[in-house]
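Common to both upcoming complexes is chain A, partnered first by chain B, then by chain C.
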Partner chain A sequence: MSESASDVDVVVSAPRRHTARWAAITLGVVLLLFVAVLATRKSAADKQAESPLLGKPAPSLTGTGLDGSQVSLAAMHGKWVVVNFMASWCVPCRDEHPELVKFSQRHEAAGDAAVLGVIFDDTEPNVRRFFDQLGGSWPVVSDPGGRTALDFGVRGPPESFLVDPNGFVVWKGIGQVDANGLDKLVTQGKARGA
Partner chain B sequence: MKGRLPWLVMGAVLVVALVIGAQGRSGPMTEAQRVKHIASEIRCPTCRNQSAAESDAAAAKAVRDEIDRRVRAGQSDGEIVAFMVSRYGSDILLKPPSSGVASLVWALPVVAVVVALAGLAVAFRRWRARPNVEVSAEDRALVERELERERA
Partner chain C sequence: MSAILGTAGVWLGLMGALIGAVTLGLGLRRRDDSLLLAGRKYTWVIVAGAVLGVVAMESALLRHDFSLKYVAENGSRQTPLLFTITGMWSALEGSILLWALVLSGYLAVMVRHFRKRATDPLVGWATLTVFVVAAFFFALMAGPANPFRVIHGAIPTNGPGPNPLLQNHPLVAFHPPMLYLGYVGFTIPFAFAVAALVTGRLGEGWLVETRRWTLFAWGFLTIGIILGAWWSYEVLGWGGYWAWDPVENASFIPWLTATAYLHSVMVQERRGMLRIWNLSLLLATFSLTILGTFLTRSGVLDSVHSFTESPIGPWILTFFGLVVFTAVGLIAWRGDRLRSPGSIDSPVSREGAFLANNLLFAAFCFVVLLGTVFPLLAEAVNGDRLSVGGPYFNRMTTPIVIALLFLMAIAPVLPWRKASEEVLRKRLFWPAATATLVVVLCVATGLRGLSPLVVFWLGTFAAGSAVRQLVLSARRQGWRGLMGRANGGMIVHIGVVLIAVAFAASHAYGHSREFRLSPGQSAHLSGHTVTYLGSDTVKASNKTSVQARVRVDGGKVYGPAIQQFPFATQAIGSPSVKSGLHDDVYITLAAAPDQTGGSAVIGVIVQPLIIWLWIGGAVIALGTVLAAWPGRRRRPTAPVSAPVEVETKPEPVGAPL
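Right, the complex of A and B next:
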């Protein structure tokens, strides 16, 4: 019985092709799993950020405001409070500031929600100038030594936390916030009966 | 036995190196050393790939100060690290945790090395077991025939 050259090739390379096929299938499955994991992860741009503080009582926050008065988060219980970590050198803080002004003004009359600013790695004179330029009349405390930022697990401004009237952290946002988004969070929180 | 001697020597060197590497420092650490040691395991919050011990950033200094305060208050290393994780989450640790999904970071390289070594062992055995191939007159004739057919 005579075999042609192509028949010989097929017989010799069959096991190798078999191995290659399995290797390709395995690699394909691994790549698919990898893509599936990445596709189901939250986008880095997603404003709702993970925090171990969510659902827990907000860390203690006290300090002296820019006007010299004593400021305390505990004294604001009964209101929804947006704790906003900011700095005058931070461009997104500058961009989000008008939205915080809008949010603050919308809730001023009802007194159901307020903003509390915390200075992150900046000086009081710089922040005072920032508020003089851009408006806003909510209390702002400095954070010498960065202990408050550490207590809230802040990595860099702007970062905001929504604290419910009972003093629990219900939301953390990294990056700029907007007034409508904050209103929606407060409305949702009220609907849940917080 | 002679052929296995280099492997045995290499194995012995590896075990000795691992034992020496795994041995901790002798004697208790001072408070300052403990602060530095714990801070070296914590990521600087504002700078991605530096430890809080190395960075000059204000946030890294705040982390060092907090560790210092807690060391002086008599807390254990584990308690201090747990506090940091309770504020920032587990990604504040430079070394991924050894439990949960993050443990894959530790397990996968080990699995990869074991699979690679097993693959090498199988390949070596197969190469060694392969009989010497000699070209017979029949093979030569077959090749000649095929070449002739190509030329025709």
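Right, the complex of A and C next:
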């Protein structure tokens, strides 16, 4: 330990060069740019939501609804459909549910958009109880074996897809949706003349 | 109840940290010792807050209190006890809580350790810095990453349990806490570096205070990284243990800068050189832990470890910006007062080797950091979306590792100041001869391939140098000759060599194949025989698995399985491994039989020397403990240049990796 060396350093005044200062300032600027780059990145989840299905016809989706009726996505042509993968055990699904209720109520009268639920890894009685508790009257199909989830490339609930009136997937969202966001997507889609 | 207790703990910690920081700040400004003495007492408020939070969280997990959102998302009634407890660090919010606990623990030890110097402004500033860091993490929990958020509306009756990968192996109980002990531990040296710059007390005093703290944090981080590799080997089922995944890199990058520091600090102690560099390494290490946290927790990068999406990204990035701003600003302000009086006399000297070592570690760090963030930079520049994978990292880091191994072989025998050719020849003869003999034997037994053989040669060479130092030291001092920084460092070197050799061997000489086997059928790979006996379905409380029975080499029966956890989409393969000193037979069930008694696809991976990775890790841990052991006090005025005669004493310094 060269205590003596450090003492010397204090006594002898350092040469009037500012190498360290300029190096630090340069580094600081580079790092600032780096932080700016990081700050403007979208989340990988959003990017991931750019699914290969986008712009393609939605995979076929048929099944038996909770009330026993036949439900199919094809039968909903002409409407904007939010295909929502959900489960009663999934907390974000529970959180987003009121938003879906709001969205479906807003469009009920006009009949221009609707929600179609797909049960993801859950039982029908559980989901029925979930809907009894939290409301919502849209069709919900069970997905035995997760075939539909596989077709849509769903990793875990909640995930939602927006399908346009011609049956093409225009958007995929991972995580919770909200009614205003969905409305915006539908409005944008209509403006594009889909 | 847990929510109230936990929230109280979080706010207690936050308030303690803030008020403590303000008190210390005032005390430092007014040079008022009574305020400094009062300020440090808030440490215990912070500790109480963190402990309260952790107790509340664990009790909620154990009581399956699903009114807490965190428990509803990460707990379930079927999850075994161990994984219910580890559920606290199975997702973001809980792991921040663990972070806060570890940080407050370090803080408590630090404040106690420096209790007699509580009025020293250096200690005051360091404590203040840790308070500010603690305040940030408690603020995260009070705001965007609140672990004690409650569910509004109906309370679920059960939850999905932790991520399936996090309830598959007991190592999950050890790997994250170890990693956090390492990661968070760098806060203390960072705080002292900041304090040294602020107070302008830039002599070597602060170094001595922080060296051992850095060593401990480094040791824990090393163990954490190796346990992580082991965990991924035992759990993930692809036979590998390191994949250059962003999260692995995030833990490895600060490790590199910390390792560089542990070496270069010796140059400063002995020769008073590299002062700005050493401070910068400590500042960088801490900044990189925060950057790593951002990269892995904000969801900007895809990773197998991204267990949660979270809104805390902007917070951590802001904090990173603040840390970097502080660090760069302090260096810019004080840096030019740090100019060292000496310069390096000869490149062929201990300090020359340390300098080369540091350049290599800096390059290593840059290469890994660049590869990790490159996808983000590329996307920002031209919108391309690409990923950087193993080939880039392997190609770029192999030459650096080889150069480091070479330094590791020669640096420990180099004297300070200047080495003569004769000294070198004499000291390096036996290690080099042994290494050459080993490689000749390897080639004679049929091993081929340039890079593994180079690694074997350099590895044996480096181990030879280390053993030589240890033997000389032990001959003179008996068992005490194995302790202290220099000798502990040599033991760490041996551990690193074991890992490098095992890494090279397993990469170069591994074999992997899949076989479709009917019950009773056997397959052969690399001298091992694998016999498929049949499969069973096993139901446990938290999972259902199809387990194959596979006999290896006519001996024990192993049970690779495919496990299905409720509430999880993908089934998880769980490998079964026959470990040996010579090689590992790694068996996976790649496809379960379609019907009972049908054929199954069995994956077999044979890799040599895998177990030496873990043994190497244990050796490093042992070496670190020995290096941290308080040895004989050297007089600070001990001569710094090498004596002229050879073989007098071991250089009381470790050497580059």
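Just so it is clear, the second predicted complex is superposed on the first by the 148 of 194 C-alpha atoms of A that agree within 3 Å, B and C clash if a C-alpha of one lies under 4 Å from a C-alpha of the other, contacts with A are read in each partner's own complex, and residues count from 1 in each chain.
As a working rule, a residue touches a chain if its C-beta (ideal position, glycine included) is under 8 Å from a C-beta of that chain, and two chains touch if they have at least 3 such contacts.
Given the structure is predicted, the values throughout are model-derived calculations rather than measurements.
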Give one of first, second, both or neither to describe whether A:109 is in contact with chain B, with chain C, with both, or with none. neither
Is A:146 touching anything from chain B or chain C once the two structures are fitted on A? First, second, both or neither. both
Once the shared chain is lined up, is A:52 touching chain B (first), chain C (second), both, or neither of them? first
Which holds for A:191: it touches chain B only (first), chain C only (second), both, or neither? neither
Of chain B and chain C, which one touches more residues of chain A? C
Of the partners chain B and chain C, which touch A:31 in the superposed model: first, second, both, neither? second
Check: chain A residues flagged as touching chain B and also chain C 5, 121, 146, 149, 154-156
Of all residues in chain B, those that touch chain A in their complex: 45-46, 58-59, 61-63, 65-66, 85-89, 92, 146
Chain A residues touching chain C - in the complex, by the definition given at the top: 1-10, 12, 14-15, 17-21, 23-25, 27-28, 31-32, 34-35, 37-45, 47-48, 87-91, 94, 120-121, 133-134, 146, 149, 154-156, 174-175
Help me check something: in the complex, which residues belonging to chain A touch chain B? 5, 50-53, 121, 145-147, 149-156
Taking the touch rule as given, give the residues of chain C at its contact with chain A in the complex, in rising order. 69, 72-73, 151, 153-154, 156, 158-160, 202-205, 208, 269-272, 276, 294, 298-302, 306, 309, 313-314, 317, 320-321, 324-325, 328-329, 331-333, 335-342, 373, 376-377, 379-380, 385, 566-569, 634, 636-637, 640
